[in-house]
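To start, I am sharing the structure in question, which I have written as structure tokens.
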Amino acid sequence: MITTILIHCPDQKGIISTVTGFIHGKGGNIVYLDQHVDQQANAFFMRLESDFDSSFFSETTFRADFEKELAKRYAMKWSLHQAGVRPKMALFVSKYNHCLYDLLSRFNAGELAVDIPFIISNHDDLRPIAEQFDIPFHHIPVTKASKNEAEDQQLKLLEEHAVDFIVLARYMQIVSGKVISRYPNKIINIHHSFLPAFAGAKPYHAAFKRGVKIIGATSHYVTEDLDEGPIIEQDVTSVTHAHRIADFIAKGRDLEKIVLARAVKLHVQRKTMVYANKTVIFY
Amino acid sequence: MITTILIHCPDQKGIISTVTGFIHGKGGNIVYLDQHVDQQANAFFMRLESDFDSSFFSETTFRADFEKELAKRYAMKWSLHQAGVRPKMALFVSKYNHCLYDLLSRFNAGELAVDIPFIISNHDDLRPIAEQFDIPFHHIPVTKASKNEAEDQQLKLLEEHAVDFIVLARYMQIVSGKVISRYPNKIINIHHSFLPAFAGAKPYHAAFKRGVKIIGATSHYVTEDLDEGPIIEQDVTSVTHAHRIADFIAKGRDLEKIVLARAVKLHVQRKTMVYANKTVIFY
Amino acid sequence: MITTILIHCPDQKGIISTVTGFIHGKGGNIVYLDQHVDQQANAFFMRLESDFDSSFFSETTFRADFEKELAKRYAMKWSLHQAGVRPKMALFVSKYNHCLYDLLSRFNAGELAVDIPFIISNHDDLRPIAEQFDIPFHHIPVTKASKNEAEDQQLKLLEEHAVDFIVLARYMQIVSGKVISRYPNKIINIHHSFLPAFAGAKPYHAAFKRGVKIIGATSHYVTEDLDEGPIIEQDVTSVTHAHRIADFIAKGRDLEKIVLARAVKLHVQRKTMVYANKTVIFY
Amino acid sequence: MITTILIHCPDQKGIISTVTGFIHGKGGNIVYLDQHVDQQANAFFMRLESDFDSSFFSETTFRADFEKELAKRYAMKWSLHQAGVRPKMALFVSKYNHCLYDLLSRFNAGELAVDIPFIISNHDDLRPIAEQFDIPFHHIPVTKASKNEAEDQQLKLLEEHAVDFIVLARYMQIVSGKVISRYPNKIINIHHSFLPAFAGAKPYHAAFKRGVKIIGATSHYVTEDLDEGPIIEQDVTSVTHAHRIADFIAKGRDLEKIVLARAVKLHVQRKTMVYANKTVIFY
């Protein structure tokens, strides 16, 4: 049984040997270890995958002992994840269908180890895709006046289904602090530019106007600062003077799909840690 | 004998057939033709390479006829370049040596069909490299107080040597409008970021702070708006949380070298046209 | 009304001006022209998009005159395609679903200007996806013994539906010369390696064994020489020692999807020409 | 004082905690740890950078204790490298100058922490570059008849200068087993193709003929099987039908330089381990 442990704490001498010794003492075999030290910030990060014999392993005991013997001593923030537990992922969409198609196709193909309890959209346009893939679809319109109430509806659904994280698959609305604060570093957005270039609306138009030779897409955790959250993944593709805005948009669709899917996978596999508005990604 | 012609004018019906018919009529064989229409701006661009029999071809007559029969009629801006004429390229540097080494190595290896009459620097540090490659080196210090006079010295050298274009190979000074206006779209800069992200000073530090997953470099023609001139070439490379600022700088050096060298080659080969603060690049 | 013309003939002086003059004389406005000369092979290639006033344009007359006045004179192979005519694309699949999902999602999203009369598979596994996207699905099993007959069934379907081209979306069977000869340069395959490296079966296993640092995918027209047809598109992605074969396969899926989709688009947009077992691609 | 330790042994439970505990016990602070388990081969690899207080650290004692307490117990192959010890790198070249220029420029710029006792070439052409950078140059011609003797001369020089590793910077000769066996996994070659595609002579010509859309370069350790040694680094760049062989060669030069320089840096930084004709690279 593979158990993943994520650790974040101030850097101190001997952490690695203490933690690995602890796991060894508990009968675990470490099959993967990656660590990172941010020397400037004196911060330590570690991701471990350990194999425990499930007939002897008690998660409760392990958690209690880890907390008592290690976490307190080193002032650790830590989390433990059992393989096989599928997080619940809610999808928020508007009218663009390419990211939705891509994520649902991957889900159907078995690429994403999640459950998808529902899709929320502020428009009804993509309902047929939800039906095609047999996922419940909730149309919750959002206007300036209704936004507050709409978000209450969203939160109600999120809580009823015990959703673990949210993916904004080209959801064209700004999510307010009310929702963000309930899902800190648990809302993944895809922005259709190479951030920090072209934050905000209509990035392909802005990129075209500037005459860049490369366009990009960025997936990041959502914070209250629009398009300024911790970046999870970015990718780019070349463009030339011969590409019109429509070509930017078409080329961008492929980027957005790939970049968002990669970010979702990294999140699901517990390979992301957030610190100082940046991510540590253990590939 | 290969002759390159660049044409820019309002888009009109029949331009291509008229121009190609004209060249055919003058005995030329078109070996390369690329064109671009910006439909939004109703602008037409064309680059032709034609092979003329040099025993029959008179450049003077051709120019006069082209002007009379085509250029006036279509309101063309055009230029004609004979293969074998090497433009004169001045290099401006400060203290970083990687772009200078790269350009001089390419020059020595025969990759760049230019003459290099001199190198100008505001510091004396890179003189040994100039000597190593046997290129005259002029140390012209620049302070706030001396800048105006320093630029006069630069202009004097540029004019004495009939320099065609200038390459700022990590020249850490802002070039003033006095120089720029004498070399419009003829000063090539390398900026060590993926513009428009991280314009201005210390882009690697800014990229590190923002936690981007990709860094870039951008070569552009210098205009009076700092880092906002027409982009010629861009490229990027991946970074991770494990890279420190020093790693960004080291990885960036390779990008800067490659991107600047590509831009210089495109310029030398007359493959760049500038329009509306953007470039048309005929690869 | 936009008309695309593709021309291939021996290189001769004056072709461009003659062709563009002809189109101009027929009232066409050339909005795009790209040409290529293979000087070694003395071969000329051109792709033109021209705008004709549909109230005056007769395709029949144009074709006849082009043939008489140009094609014979220059020994041209040429073709003419009206915008708005959607080619018919048949899909062949086996058990892998990612390319099928990707193409059908793009088709539904309006990215591919084709009709898809049916999907053929040698297994029944992917029928639910065909149903999900409402495309007829024909299960035609292929064994050594039944292959000849199975291909007759395939050909019957292809002809009944007047299919223009075939996409092998991870169809795990070798297509015989009987089918290939009926669809020369009209069968597009995706091979899951960077050809010519790792042709044949199990390329990801071979790549893993060799310890390459980059894996790729290649889309090509199918010829009777397995994996040796004209290459349309290739792309690559990085791998490390930490990736197992399963990771190669997962990363490869994204490559295969993208590379195949790009090749299909280029084919549909008449941007590919084949010559000497290579392609000329007018991007 | 930073000490780098590389470990390779059969995978066993508890290795990481034992090794990290040992280092901790010796007063070391682990600032970097990367490990890899090849589960199929049951092989374990680890790279550690530890900070020791140099006033208390005895390398001799450490080595002896490590050998006694760890290496024997776990059947480790291991090595220890003190920061600041510069390995001696010999350069072998023929007539192409781009890789030589690139490496010497980086060396002069302080990018490569090595000493370069000499350059060997089978031609005299590049002597001026050696002189330009003030490195001893030995012209050792190689013919079929003289090869054995030439290699003896090479080996004599390599031994006299206690060379640690050799870089074949486009050295156009096949190195025989006599030399290879003296420098196992210590001779770095750059091959101008994306191996295993186009091994052997004239890869750009072969790539052109095959009509690939991407060309590459590969840096690998030299073994007695030509172009089949463990791959250290690869990179690629796009080409189109419009590129002639001369363009492939020109674009390839930039690839070769970058890929070779990256491989040399990885080797110098002790980030490469070789196993089963593959490399583990701890980036």
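Going in written order, the chains are labelled A, B, C and D, and every chain counts its residues from 1.
The rule is short, and it goes like this: contacts are C-beta pairs under 8 Å (C-beta built on N, C-alpha and C of every residue); 3 or more make two chains touch, one makes a residue touch a chain.
The chain list, named the UniProt way, goes like this: A, B, C, D = Formyltetrahydrofolate deformylase.
Because the structure is a prediction, the values reported are computed rather than measured.
If you compare A-B with B-D, the chain pair joined by more contacting C-beta pairs is A-B. Ranking all chains by how far their C-alpha centres lie from the centre of chain C, first place goes to D. Between chain B and chain D, the centres computed from C-alpha atoms are 36 Å apart.
Rounded to whole angstrom, the centroid-to-centroid distance between chain A and chain B, based on C-alpha atoms, equals 42 Å.
Across the assembly, chain C contributes residues 39, 242, 283 that each touch 2 or more other chains.
Against chain D, the residues of chain A that register as touching in their complex are 13-14, 16-17, 20-21, 23-24, 29-35, 37, 39. Taken in their complex, chain B has these residues touching chain D: 97-98, 101-102, 105, 108-109, 111, 132-133, 242, 250, 253-254, 258, 261, 283. Remark: chain A residues 36, 38-40, 194-198, 210-214, 216, 230-236, 240-242, 244, 276-281, 283 touch chain B in the complex.
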